[in-house]
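Shared between the two complexes below is subunit A, which pairs with subunit B and subunit C, respectively.
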Partner chain A sequence: MALLDVRNLYIGYKTFKGVLDVVDGISFSIERGESLALVGESGSGKTSIVKAILRSLPGNAIARGRILFEGLDLLSASKEEVSKIRGARIAYIPQEPLSALNQLFTIEEHFIDRLLLAGREQTSLLRYIRERRRAPRELRELMIKALEEARIGEPERVLSSYPFQLSGGMLQRVLIAMAVATRPSLLLADEPTTALDVITQKEILGLLKDLQREMGMSILYVTHDLGVARMVADKILVLYAGQPAELGSSARVLGSPLHPYTSGLLRSIPKLSGEPMRPIEGGLPDYTNPPGGCRFHPRCPHAMDKCRALKPPGIAMDERLVHCWLYEV
Partner chain B sequence: MGRVLLETVNLKKYFPITSGVLNRVIGYVRAVDGVSLRVYRGSIHAIVGETGCGKSTLARVIAGIYEPTSGRIVFDGIDLSRAGRREKRMARRRISMVFQDPTSSLNPRHRVLDIVTAPLRVNGIGSRRERAKRAAEMLKMVELGEDVLYKYPHELSGGQRQRVAIARALVTEPDLVVLDEPTSSLDVSVQAKIVELLLELKKELGLTYMLITHNLGLAKNMASHISVMYAGKIVESSPAEDLFARPSHPYTRALIAAIPPVDESEEAIIRKHGLPARPGEPPSLTSPPRGCRFHPRCPLVIPKCSEKEPPKVEVSEEHYSWCWLNS
Partner chain C sequence: MRLRDYVIRRLFIEIPLTLVGLSILIFYITRVMPGDPIQLYLGIEATQEQVEFYRKLFGLDKPIWQQYIDYWAAFFANGTLGLSLYTGRDVAIDIKEYLPNTLELVIAAMAFSVVVGILMGVVSAMFRYSWIDNVLRVLAIAGVSLPKFWVALMLQLAFGYYLGILPMTGKLDEGVYVERITGITFLDSLLTLNFEGFISVSKHLVLPVVALSLSPIAQIMRIVRASILEELSKPYVVTLSSLGVNERIIYFKYALRGSLVVAITVIGLLFGFFIYGAFAIEIVFGWPGIGWYAVQVGLHKDFNAIVAVVMLIGLIYTLTNFIVDLLYNYLDPRIRLKAGSR
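== the complex of A and B ==
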């Protein structure tokens, strides 16, 4: 059984303008110890998928389908059941390390709260205060070990620092240490290096890859950067406007893309080889009234009548699943 | 190589750090610390570096948003540090700038018409009707419909907003346009479209660009000349082709090594020229390390590097590197 199995996920947001169909029929699975990258441009629905897994979609969202984590459907499970998993067996690292932490608390204070509250829905104030008082002594060893695992040289100094005293790269290491301290089986990393510089990015991605191997953890990456996805992920799911385009091993999907959107995206980015950038004409659709059939058809150079009318199913070929009528047999 | 349009000589921009009620100056952030470069007419000169290396400050000093602390900027033969007010104003009109994020660089309460004509209004060029006519022409040039004139920025997509920002930058018919990360706030599939437009406009109008970017791939695609900046200083400057054929400075090679490749040809280039940096972070600009500023992270460091600042060495024609290993 796969660790995480997302089946036919649909997410819509109720707004004044009508319902925005942001995610439309996404399926993928992640095995234990495996990593998968959700790749797409902003507005492709990748962050909504992560929020659905964490059951933290806003109140105006509607989610349908199934998100099976170790066999439990996170969409229909009770709040208590989800709370036991979230923060303990499923951990999350955010995009902007600086805004994810409160500037008025030290790293140690954040870390203690993180550990005390992991896997709990709520706790009584008295109990929290009691535990909170004992925590620095009891948890110190665990915190230092976690920081060392994230390759932080001076864990003691970092623990007593405030977020603004640390660099972006160091903060991201701290957040990774906090995330993996509870030994999660699944880590959700939402654009974990977008706010960082290239050299730091490479160090952080290397760290995540090492931790994945050492701890046998599965990682779900969210990224818009094809190079990052290729570097860290075993599998890639390319999304366009909330629909799946192509799902397969990263080497195959990026090495010989089949979906016109994947190849268009690859051609449009600047490359060191100096190969000229060729844009995809047009822009992302309006989600209140998305194009029928395949949502990419208005921008697709190979669009046929069928593409306008019918949503393409996943067609299995060449070690992947491609959602495009071009490959219908 | 053609004529020099812009030259900076030992340009510095320090920001004072003050403390206490008397605002006593306790130190300086040396954002740009002695930059000398030449931008040739009709070229695209890219400044590449990481966050906090001073590249945006350099752009702003050249565009006239900040006054330099010291050093000279010579634009088309006019020394801006010594020119009179009128002369300076005339020269400044010929340098304009496109900012990174069009959402924050366009006034949300102004219509596109007012945004695009603002530089003309400020400079007192043309009558109201002439300016409106000119704005319509500009929009056509950046491939936007005339209906956009009466819209507000929030009604436009990111790509359209950046086109409006480009139209505003070009309305005064500048010679030099400073592009500060012109595509990095845009979606991947839209970026290429903006790059295409910028290259077309350059050809059509005979512009010169100074491109500020953190993306070596983008620099490779657009620029004819690349200067790599680290901690307020240029460390390597070269014609674009030669920089990728023979990168010389260890920092340039560290940047190349850190790029996540998207295909095998990129991977091959990175394997051939990349040289990973030692773990560490860019230095503080208030008290930069002695000698070469990259020495604490440089994998090829020699004792001399931490003692004296490296000299400028010509490694091949027009290709300079500031590194002790070459001298």
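== the complex of A and C ==
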């Protein structure tokens, strides 16, 4: 059984303009120890999928389908069941390290609460205060060890620092240490390096890869950067406007793309050789009234009548699933 | 700038300068305001000689700058604040008698409204847009808009007259005596282990404190609610909740701390409001405090007492603002830790 199995996920948002169909018919699975990257433009629904796994979609969201984590459907599970998993078995690294922590509290304060409260149901404030007062002694070693694992040189100093005193790269390491301290089996990394410079980005990705190997953890990356995806992910799911385009091993998908959108994305990357970029024309559709059939057809150079009418199913070929009528047998 | 330098500059330069400015202004105003206080004091039948005699007695025949110097020289030499026309005593003695009563009322109201206001603000933010939030917000609007003296009268009517469970006016029941140590009866009754006095003064405090606190509670609640909602839209909420820190801790620890930084400004300003709000409340509840005293001396154009009361309120305002600044420093590490590098 796969660690995470997402089946036919739909996510919509109720707004004054109508329902936005942001994610439509997404399926993928992640085995233990494996990593998968969700790739797509900003606004293609990647972050909504992560929020659905964390069960932290906003109140106006509608989610259908299944998200099976170790056999438990996170979408239909009770709040108590989810709170036992969230933070403990599934952890999360945010996008923007500089604002990801409360500026008025030290790293230690965040870290202690995270360790003290993860995997538990709602606690009363009095009970929390009692436990918080007793806690630090035993937890301190655990925190220092976690920071060292994330290759932080001076864990003691970092623990007593405030977030605004640390650099972006250092904060991202801290966030990684916090996330993996409970040995989660699944780590969700939402654009973990977008806000960082290229050198730091490489270090952070290397760190994540090492931790994944050492701890046998699975990682779900969310990124719009194909270079990042190629570097860290075993598998890639390319999304277009909330629909799946292509799912397969990253070497195959990026090495010989089949879907017109994947090849379009690859052509849009600026190259150092100065070869002219050929970005895909147009932009993402309006989610209140997305195009019928394949949502990519208005921008697709190979669009046929069928593409406008019918949603393409996943067609298995060349070790991957491609959602495109071009490959219908 | 270091915190120590800041404290020294505030305490020994800025605050004294402000107070000197205020003292010149208020002293001048009381000396030139229309209507002769001596004439008012002696009544229309007083002879010219009597008026002249009293003018001399109060030093009003000298130039104003001379009066000013004499007044403050006497204060720093003997701790006197001039004679009061209204009580016929040294104003300093009057203030010593009335101020603790007001402080008692104001500190109780302050504590009550900060605790209740913050709690209501957090609850209102937690259950935003639900019926709980709506009820609390309607109460807040009522709290801000209803005039204090009217609320005070209604409370007296309801709890004092119809239900008869709380005293309507005064500070202690008849026949109850509390030995005076600090002048704050609530504290004195505890210090002397006077249980009867403690119950009595507590009962008398309830209605004035509630009446005085309604509007501050509403203001604190609204600012806390708004700033918590702002806090909750910050990315750290997502980080913490997805790492398993539950909602309640996020609200009451992380979001509240941020919103306290905002609320503390309002609370500091409210302390001034309390002193001035206490005027009306003290009169309705017959509470023998400085507000009640201020109204009496104002009506009698009691120039020395007016100067002293205004200076006192000025001192309380400036000191409160100073304390608020120090609290900021404690609550927001960014101010504390970056101060050294500025």
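Quick notes
One rule holds in what follows: the second predicted complex is superposed on the first by the 328 of 329 C-alpha atoms of A that agree within 3 Å, B and C clash if a C-alpha of one lies under 4 Å from a C-alpha of the other, contacts with A are read in each partner's own complex, and residues count from 1 in each chain.
Convention: a contact is a pair of C-beta atoms (placed from the backbone, for glycine too) under 8 Å apart; a residue touches a chain by one contact, two chains touch by 3 or more.
Computed from a prediction, not measured in an experiment: that's the story for all the values here.
In the superposition on chain A, A:214 contacts neither subunit B nor subunit C. In the superposed model, A:102 lies in contact with subunit C only, and not with subunit B.
Of the two partner chains, neither subunit B nor subunit C is touched by A:318. When the two structures are aligned on the shared chain, A:264 is found in touch with subunit B, with no touch to subunit C. Those residues of subunit A whose C-beta lies close enough to touch subunit B in the complex are 41-43, 167, 169-170, 197-203, 205, 224-228, 230-231, 254-255, 264-281, 283-284.
Listing the residues of subunit B that touch subunit A in their complex gives 50-51, 157, 159, 187-193, 195-196, 214-218, 220-222, 244, 254-266, 269-270, 276-277, 279, 281-282. For subunit A in complex with subunit C, the residues that touch the partner chain are 54, 56, 83, 86-88, 91-92, 94-96, 99-105, 110, 113-114, 117-125, 128, 162, 164-165, 175, 178-179, 182, 188. For subunit C in complex with subunit A, the residues that touch the partner chain are 234-236, 238-249, 252-254, 257-258, 261, 331-334, 337.
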